[in-house]
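Contents: one structure, followed by commentary.
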Amino acid sequence: MVNPGRKRLSPAHRPWPLLVLLLLFFVALVWVYLVPGSAPGGLARQVDASLAASGVRSRVTAVLLNFRGYDTLLECFILLLGVMVVWSQRSAVTTEPRQPAAGAILASLERLLLPLMILVAGYLLWAGSSQAGGAFQAGAILGGAGVLLLLDSSPFLGILPRKALVWGITLAPLFFLAVGVAALTLGRPFLTYRFQEASLVIVALEVAAAFSIGLCLATLFAGRLPGYQVGPSQGKPPAKRGE
Amino acid sequence: MSLSPASSSWVIWPVVVPLLGTVVCFLYKKKPCLAAHFFAVVTCGTSTVLGWQVLDQGVGRHLLGGWSPPLGISLRADGPAALMVMMTAVTGLGITLYSGGYFQSRLTGGSQDRRFRAQEQSFWPLWLLLWAALNGLFLSGDIFNIYISLELVALSSVGLTALSGKPPSLVAAMRYLLVSLLGSLTFLLGVGFFYKAHGTLELAVVSRVLAPTPPVIMALVLVSVGLMLKTALFPFHFWLPPAHANALAPVSAILSALVVKGSWYLCYRFWQGGGLPAVVGVVPALLGSAAIIWGAFQAFSQQRLKMLVAYSTVAQIGYLFVAFPLLADPAGQGSDALFYFAISHSCAKAAMFLAAGTFFLQMGHDRIRDLAGVRQLLPVSSFAFALGGLSLMGLPPSGGFIAKYLLVTAAISQDLWWLGLIAVLGSGLTAVYVFRAVSSVLSPHLLEEQPALVVAASMQWSALALALLAIVLGIMAPLPLALLEVT
Amino acid sequence: MALSPSLLYGLTGLLLFVIGLAALFTSPQLLGKILAVNIMASGIFLFLITLAHGSGTLIDPVPQAMVLTGIVVSVSSTAVALALLCRIEEAARPHGHLPEKKDEARQG
Amino acid sequence: MVVTAFDMLLCLTLVWLAWYVLASRDPFRAVVLFISFGMLMALGWVRLRAPDLALAEAAIGSGLTGALFLSALRKIAGTTKEGRRLERDEEI
């Protein structure tokens, strides 16, 4: 990265023919985009018609967690997959420069921001049923709080027992699967929740999803397996060759 | 057209079971191998149930969340989808059995053991998640859901490719990831244009081209290009050989036998809907023909066995697209030929890559010239490799022969005789490079020293089972063809 | 056709996609390529959202849900790409210690 | 709704920033520009009446992705002998 041009995938440097082709492609895209579609409005009407039966008042949340809940299930697995791949690629050398302690600014920022972030996450989760907000945003804020802690070299991911972390990460996928399989055993299609339980199930799913998403994002940022961290502080050799 | 009225629960299990297995293998770090074998067998069982039910009751549907299509997502199990799920199940089970022995054989009590154990721990959940995503891809009836499944397939394949940790495989995995992301994003742009044109994400509606308006054509082009990038069709094949050849042995088999079939199958789905003139199908057919010739030429000039097998995949992907012009006639046998290529290539290529991986592990290298004499040491694997090669060439009793026979008869009946000519020419070219590899593996040359056998028996026999299946597919052709009839 | 905000943002999105595509092909650095993919994704998201404004006041929530999902997918793939990038840079270090040949041979 | 000068300015800035991010030779500078690109995208989502997305983009698309890029840069700099100087305060 520091040596520009040391590694490149394509040897071509300034391929003008390519740029001309891309320009033509852009013109074609714009031309097609300007042709009016035959179905303006998309699925808005269908969503509105079924909103009452979905158990939530926010239309986006209804789509995400009820109408297209299967997409959201797979999405939780994508985050889990990200964590699995990042962990499998753990670095051979963890000579990451660990700063001894954060500066005063970061420390006070953290004291001020952390409770606020957790509060905001809770609010977003609660607001998600009726207006903007929901599990993803709340999870993202929680993840942000985790990143802030990690920036301060707080070893919270390291202190956390490995089991707890791993279970926390898989909470949302497991819970989603459990809800789906429960519906199957009751003789309904996968991930069906009827109106009476819908709001309850959706709230529970949202809490689980927010929690897991937050933990996954913070773990992705940390980028290493807990308990694996080999730092000078632990007195082990700093490099595990050949990992 | 037979549709079961209610949602049939057997449609969803082949997706749910491996997903559960992923979580269990991720949590249960002590013996992930045991858990993975259990879930692989159960997935295989549910996939067989799916195949049997489709044969018995016709097309199965599952409305996820109880919402019907324009609003919700539906899974649809028809003949082709069921055949692909079955193909993944059978090949996947063989690869799972092989991997168990493979990871066991690599533990020698040396300093590398810790690293090999870590690789095994990461391998099992990634492989099961990939399996679930492939099944989801084959069954899905919603194009945005297909996008998510494609991303799942791509990311887990990249993770598996990079698992070996060698610099060449890391670079190959990075290139694979970038190409995959480019393909997915192009696909997503196409999904956007489809949504603009049709106002729905349902695959069955979207793939039926009634009036070729500019947005529909643009969407189809974008989706096809994205999928061809991911399938590594000829001009886009550059990323495939290094990624497939430098991965761990079971991973090479997974990538070559199964992963490329996922995006190819979707391409078929978008083209088979009908309404496209036969002339349009000539473009993929020409690219496919180029792939057959170029891939065979490159395979012949390789020095490493795994590179040879990887370039042979480039050539065989060509066959998967050559029959596309035949799809314009729904009564023709074009799609039968395509699917027969897919399933027999899956078994044969998995067997060849698994056998090549066994040679590599035993000998410590895979240079074709120095492999002479390996037959004495590993007779079962050598035989499996040769049988796989026979099926690729398309010699009579094998599945590859049936596929080529179907292709040639369909091509002649539709007056596209040049397609048949290419299939025959391709067979000849395949024979040349397969002969080069097999003659070295089976040569009567004696090894100077007899090293101790380090590979587990399950590694040899699982490869042989897959190779035999590739041959037997030629004899039991009526069964898969009957399954394909269900649409 | 009058230029509505959604049309303007849609065209911007398509332009971003093409710019990202160009950079993906021409950028000499891997980090640049990863950034390019992210910008392409942003462009597509912008394009998708404008599809929600088809008919006047009623906004279609489905593209919004699609984009929300897409954002999470893209952060996950970016994390994977960056992890790989770190490993590659590490392996290419001038004084890096790569595993010895003997061990490499056993990875087939 | 009509196109306001704000929309025009926002779109132009987005395109200009994207170009700048991708043309920049200095990886650190490119990443910082990318984070500001994400923040402006969030503004765009507000204009397109998608507040959910604005929140998600600001938190995930810009904030967390940016943090990921910065931490990757730091790791690379840490493994390279003549790594680029990264001061602690730059990372916030």
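As written, the chains take the letters A, B, C and D, and residue 1 is the first residue of each chain.
Keep this in mind: contacts are C-beta pairs under 8 Å (C-beta built on N, C-alpha and C of every residue); 3 or more make two chains touch, one makes a residue touch a chain.
None of these values were measured; they are calculated from a predicted model.
Peer 1: I want to compare two interfaces, C-D and B-C. Which one has more contacting C-beta pairs?
Peer 2: Answer to which pair has more contacts is C-D.
Peer 1: What is the distance, in whole Å, between the centres of chain C and chain D, each centre taken as the mean of its C-alpha atoms?
Peer 2: Using C-alpha averages as centres, the distance is 13 Å.
Peer 1: Can you give the whole-Å distance between the Cα centres of chain B and chain D?
Peer 2: The separation of the two C-alpha centroids amounts to 38 Å.
Peer 1: How many angstrom lie between the centres of chain B and chain C, each centre taken as the mean Cα position?
Peer 2: Each chain reduced to its C-alpha mean, chain B and chain C end up 26 Å apart.
Peer 1: Cα centroid separation between chain A and chain C, in whole Å?
Peer 2: 15
Peer 1: What residues in chain D touch two or more of the other chains?
Peer 2: 27, 52, 56, 60, 64, 68, 73, 75-76, 79-80
Peer 1: Pull out every residue in chain C that's touching 2 or more other chains.
Peer 2: 11, 15, 17, 21-22, 29-31, 33, 47, 51-52, 54, 59, 62-64, 68-69, 71-73, 75-77, 79-80, 83-90, 92, 98-99, 103, in rising order.
Peer 1: Two-or-more-chain contact residues of chain A, please, as numbers and ranges.
Peer 2: 1, 4, 7, 9, 29, 33, 37, 39-43, 47, 60, 68, 71, 75, 78, 81-82, 85, 89, 91, 93, 136, 217, 220, 223, 242
Peer 1: Provide the full list of chain pairs in touch.
Peer 2: All touching pairs, sorted by chain label, are A-B, A-C, A-D, B-C, C-D.
Peer 1: Which residues of chain A touch chain D in their complex?
Peer 2: 1-2, 4, 60, 91, 93, 95-97, 99, 102-103, 105-106, 109, 124, 131-134, 136-137, 140-141, 143-144, 147, 151, 217, 220-221, 223
Peer 1: In the complex, go through chain C and note every residue touching chain D.
Peer 2: 3-6, 8-9, 11-12, 15-16, 19-20, 22-23, 27, 29, 31-32, 35-36, 38-39, 42, 45-46, 49-50, 52-53, 59, 64, 67-68, 71-72, 74-75, 78-79, 82-83, 85-86, 89-90, 93-95
Peer 1: In their shared complex, at which residues does chain D touch chain C?
Peer 2: Touching chain C: residues 1-4, 7-8, 11, 14-15, 18-19, 21-23, 27, 30-31, 34, 37-38, 41, 44-45, 47-50, 52-53, 56-57, 60-61, 64-65, 68-69, 72-73, 75-76, 79-81 of chain D.
Peer 1: Touching residues of chain D toward chain A in the complex: what are they?
Peer 2: Touch list, chain D to chain A: 25, 27, 51-52, 54-56, 59-60, 63-64, 67-68, 71, 73-80, 82-84, 86, 88-89, 91-92.
Peer 1: Any idea which chain C residues touch chain B in the complex?
Peer 2: 17, 21, 24, 30, 33-34, 37, 40-41, 44, 47-48, 51, 54, 62-63, 66, 69-70, 73, 76-77, 80-81, 84-85, 87-88, 91-92, 98-99, 103-108
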